[in-house]
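Each of the next two complexes has chain A plus one other chain: chain B in the first, chain C in the second.
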Partner chain A sequence: MKKVYIQGAGSISSQKTFDNSEFLDEISVYNDTVISVVNPNYKEYIPPAAARRMAKGIKMGVVASRIAMQEANVEQVDAIITGTGMGCVVDSEKFVSAIIDNNEEFLTPTSFIQSTHNTVGGQIALGMGCKGYNFTYVHASNSFESALLDAKMQLELGEASSILVGGVDELGAHTIKIHRLIDHIKENAVTPATLLDSKSSGSVFSEGANFFVLGNALSERCYAEVVSVEMYNTLPLENLEETVEAFLKDNNLSTEEIDVVVMGNNGDVAYDNYYNHISSALFSETQHVYYKHLCGEFNTASSFGMWLGAKILKTQQIPEIVKLNETKASAIKHILLYNQYRGENHSLSLLKKC
Partner chain B sequence: MSDLKQELKEKIIEQLNLEDVAVEEIGDNDALFGDGLGLDSIDALELIVMLDKDYGIKLSDPKEGRKIFESVEVMANYISEHRTK
Partner chain C sequence: MSKGVAITGMGIISAIGNNVAENYDALIQEKKGISRISKIDTIHKDAIMVGEIDTTNEQFFKQLNLPEDNNYGRSALLGVAAAKEAVAHANIKDIVKYSTGLISATSVGGMDMTEQYYYKYLEDESLQKYIEGHHAGDSTQKIAQELGIEKSLVTTISTACSSAANAILMGARLIKSGKLDRVVVGGTDCLSKFTINGFKTLMILSDTYNTPFDENRKGLNLGEAAAYLVLESDAVVKAENKKVLAYVKGYGNANDAFHQTASSENGDGATLAMEKALKVAGMEPRDIDYVNAHGTATGNNDLSEGRALIRVFGEDLPEFSSTKAYTGHTLAAAGAIEAVYSVLALQHNIIFPNLNFNSQMKEFHITPQTQLKQKELHTVLSNSLGFGGNCSTLIFSKEA
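Coming up: the complex of A and B.
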């Protein structure tokens, strides 16, 4: 099977990650329970006539994909595969609110047209004139990994040679409101420094878009090789250890050969024990890295984790702000990414230095 | 009438998300579609809903919109004559 490399990356997050010349050099510190992205100048990438109907999620996705393609130095791809948990939720909220407010009359077309989950993938394709395979996966916090797995399999089997794949989710006012009601958002404000020590339930909700150009061709520009992706809808804590070991064994690796573990801790006292468990049981001698104190929690936040892992492998540097323990990896060859949300939709992804 | 024209320009900008357009940039007789403001068929549907919701004017035939939405001046005249609210 052919190998799959990350050839370009574009990230729009609650940090200034859209500038690929930087690597978390300056940190945006918040003291909140819901955080928004640091916006690039969208007008530099999207013509005003096209942008006027785009909600923030679409703009984020379009611009993150442009940045990834510019970096990969490609103008066209064979396929566009998007992962999103909530889709274009702002326009969905607008449309549904209009139905209620106007007693099912006076429904306008724009928010309806733009409200579907696959609008982001569609707009990216329209922008570059891509008529190839275009698919959007909506699998809660496994949405991005589902898209990544599809892209990986197509590239390995030679069905495509270059694929744009990414995860995108936007914040919507009503969505925030209902997640507060069910205590999925933290009650009290936290900062990046206090997130993991908050000892409270819920997480800091956020939004973001992380896109990658994946391809078979290896060049100096490449970030990393995508070796493996696995998802587990349900995974009891007592089975986690053996599942991770089996995943590594399938890839002919042992826990000692993992140089860095990138974990999706979000400070939820009820569910961070999954991360704590594999940290102590399997990777007590390995360097641990986390990222949701920087980008917040959203269904495709793990795409930020992949951006971080890819950057670490390419630069062989780990910013201080993401270090979770004192262990230091001397050379970084293999990175394991582990994510889950509220004890469900676990994922393990393996990246390797090119 | 000038108040209505001002109101229409503000509504067009707001409801059609014309972020880069100011009220004073829309002339009373400027074409709204085509080479003028560059509106398209989706905008036409938005304007039809606006006429219904804000002025009580129901357009049974969307083709009527072609004439009515020619310019702010034409729209204001039509609304003045047909409005029910």
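Coming up: the complex of A and C.
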């Protein structure tokens, strides 16, 4: 089977990550329960008239993918595979509320069209005239991993040689409002430094887009090799340890060979125990890294985790702000990523230095 | 790696029947399931016709043994009903015996509850259980749970009207690559005010029975439905001595990259999807015995798809028909509904008629099959085309 490399990355997040020459050099600190992205200058990438019509998710997706493609130095790809939990949720909200508020009258199609889950993937394809394979996965916290797995399979089997894959989600005002009602969002404001110790339920809701060009060709530009991706719709805490061990064994690795574990802790007191469990039970000597204090929680937040892991492997640097413990990690070869949301849709991904 | 992708079970619920047998009976008796809408209170009720399923949500709770306080939306209910039939049909007693995944498609997801309780959530705590049921992955998680699929690869695809075809496509690839031994694939979508009004604003809803590939077609009828197929590897088929209904022989997905909602005039995406599927199947166009077309009965789709068919097959194409006159356009479920119909066509050597056809389209000379027809079938090609330029083709065959 052919190998799969991350050849370029584009990240739009609640940190200034759209500039690939930096690596979390300046941290934007919040004291809130919902955070937005640090916007790039969209006009540099999209004509202003077009940008005005675009939903935020489309703008973020189009620009993140453009950045990734520029970095990979490609103008076309064989396939575009998108993960999104909610798609262009603002347009969904607009259309539903218009139906209710106006009793199904005076509606216009724009928000209905944009609300379709595959709009971001479709718009990216339209923008670059890509007639290749175009899929959109919409499976909560495994939306991005589904896209990643699909891309990896195609590249390994030689069905494609270059694929754009990414995760994107935008914030919606009503969605925020109703998720506060069911305590999925923290009641009290937290800062990046206090998130994990908040001892409260819910997380900090956010948005973002992280896109990657994956391909078979290895060059100096490459970030990392994508070795493995596995998803689990359910995974009881008592099976977590054996599942991680089996995953590593399938990849002919021991826990000692993992140099960094990138975890999706989001400060939810009811669910962070999954991360605490594997870090103490399996990786007590390993460097632990987290990121949702920087990018917040959204269905495709784990795509930011992938960006972080890839960036660590490429630069061989671990910014202090993401470290959960202090170890003497020297050369970083293997990174394990683990994510779940509210105890469901777990994923394990393995990146390797290339 | 598995060479063949065997279909060993099917389940379906649509406006023409609550299971595979009822759907087949309606197909051969030419009974359509299109009517006025009864379950959704919409101001458009006298201006549209739909393919609605009779069973109420409360009846489904009983049928599926769900607790009173469940938070199921209708897409999840339809999905569980059809997926359970598929797994039972495949005679699976122990679902965890082989590594089994689920790839489900939906576009409506939990929108039926969201649109009812959107503002009420803010006041009525008893309704808040539905908030978590809104996102598209929720119905899939529920289906997995009801089938007993645990700690496994479970995901959801949403590419508008090609969604379920893409779920089948992905499932077939997972079997072929050896990533899974068995996978349940399909899709589910219920009717909702959201989609009714959405398609209404696009002015592509017919006020009467939809008439695919007819010169005077007035647009589509929305329908609700769910259908699932069980796909198994050669190794499982052999070990379990499974009866194989048909094989997923070819598949292709391509993007029109033309317009967010309209298909290109010459059907570039659909042409590419059919060509890719033929290539994967190792077949030539002449090897296809019947085409189950997407045929939504909108002006744009049928012209674009018809031209694509001519580009692939020439003017001398095999019998083709759209079954949307029976079921309505069931959006994200359509690809799976029509996969079940394609397999039924193969099993019974029968071509289902394109109902409601009267007038030849002016733009070309191809005419759909309008009578039920017995014909020895070895291969059926099925198209699913959607918003976002998303075009998919599946090829089903009797032989591996």
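Here is the rule we go by: the second predicted complex is superposed on the first by the 353 of 354 C-alpha atoms of A that agree within 3 Å, B and C clash if a C-alpha of one lies under 4 Å from a C-alpha of the other, contacts with A are read in each partner's own complex, and residues count from 1 in each chain.
In this text, contacts are C-beta pairs under 8 Å (C-beta built on N, C-alpha and C of every residue); 3 or more make two chains touch, one makes a residue touch a chain.
Here the structure is a predicted model, which means the values were calculated and not measured.
**Q** Report clash or fit for the pair chain B and chain C bound to chain A in the combined superposed model.
**A** After superposition on chain A, chain B vs chain C: fit, no clash.
**Q** Which of the two, chain B or chain C, is in touch with more residues of chain A?
**A** It is C that touches the greater number of chain A residues.
**Q** Please indicate which partner A:I99 is in contact with in the superposed arrangement: first for chain B, second for chain C, both, or neither.
**A** second
**Q** Nearest 10 degrees is fine: what angle do the Cα centroids of chain B and chain C make about that of chain A?
**A** So the angle at the centre of chain A is 70 degrees.
**Q** Under the stated touch criterion, which partner chain does A:R52 make contact with: chain B (first), chain C (second), both, or neither?
**A** Only chain B; A:R52 stays clear of chain C.
**Q** Now for A:K199: first (chain B), second (chain C), both, or neither, which partner does it touch?
**A** neither
**Q** Contacts for A:K328 in the overlay, against chain B (first) and chain C (second): which applies, first, second, both or neither?
**A** neither
**Q** Considering only touches as defined above, state whether A:I113 meets chain B (first), chain C (second), both or neither.
**A** Both partners.
**Q** Once the structures are superposed on A, label A:K131 by its partner contacts, choosing first (chain B), second (chain C), both or neither.
**A** In the superposition, A:K131 touches chain C alone.
**Q** With the two complexes overlaid on chain A, what is the closest approach of chain B to chain C, counting only CA atoms, in Å?
**A** Between chain B and chain C, the shortest C-alpha distance works out to 8 Å.
**Q** Of all the chain A residues, which ones make contact with chain B and with chain C?
**A** Touching chain B in the first complex and chain C in the second, residues 105, 107-109, 113 of chain A appear in both lists.
**Q** Under the definition above, what is the set of chain A residues touching chain C in their complex?
**A** Against chain C, chain A makes touches at 80, 85-87, 92, 95-97, 99-100, 103-105, 107-109, 112-113, 115-119, 121-123, 125-126, 129-140, 142-143, 146, 149-150, 153, 156-157, 174, 177-179, 181-182, 230-235, 239, 243, 299, 344-345.
**Q** Give the list of chain B residues in touch with chain A in this complex.
**A** 15-20, 38, 42, 45-46, 49, 52-53
**Q** Which residues of chain C touch chain A once you look at their complex with the stated criterion?
**A** 42-44, 102, 106-107, 109, 111, 114-115, 118-119, 121-122, 125, 128, 131-132, 135-138, 140-141, 144-145, 149-160, 166, 170, 173-174, 177, 179, 193-194, 197-198, 200-202, 253-261, 268-269, 272, 386-390
**Q** Per the contact definition, I'd like the list of chain A residues that touch chain B in the complex.
**A** 48-49, 51-53, 102, 105-110, 113
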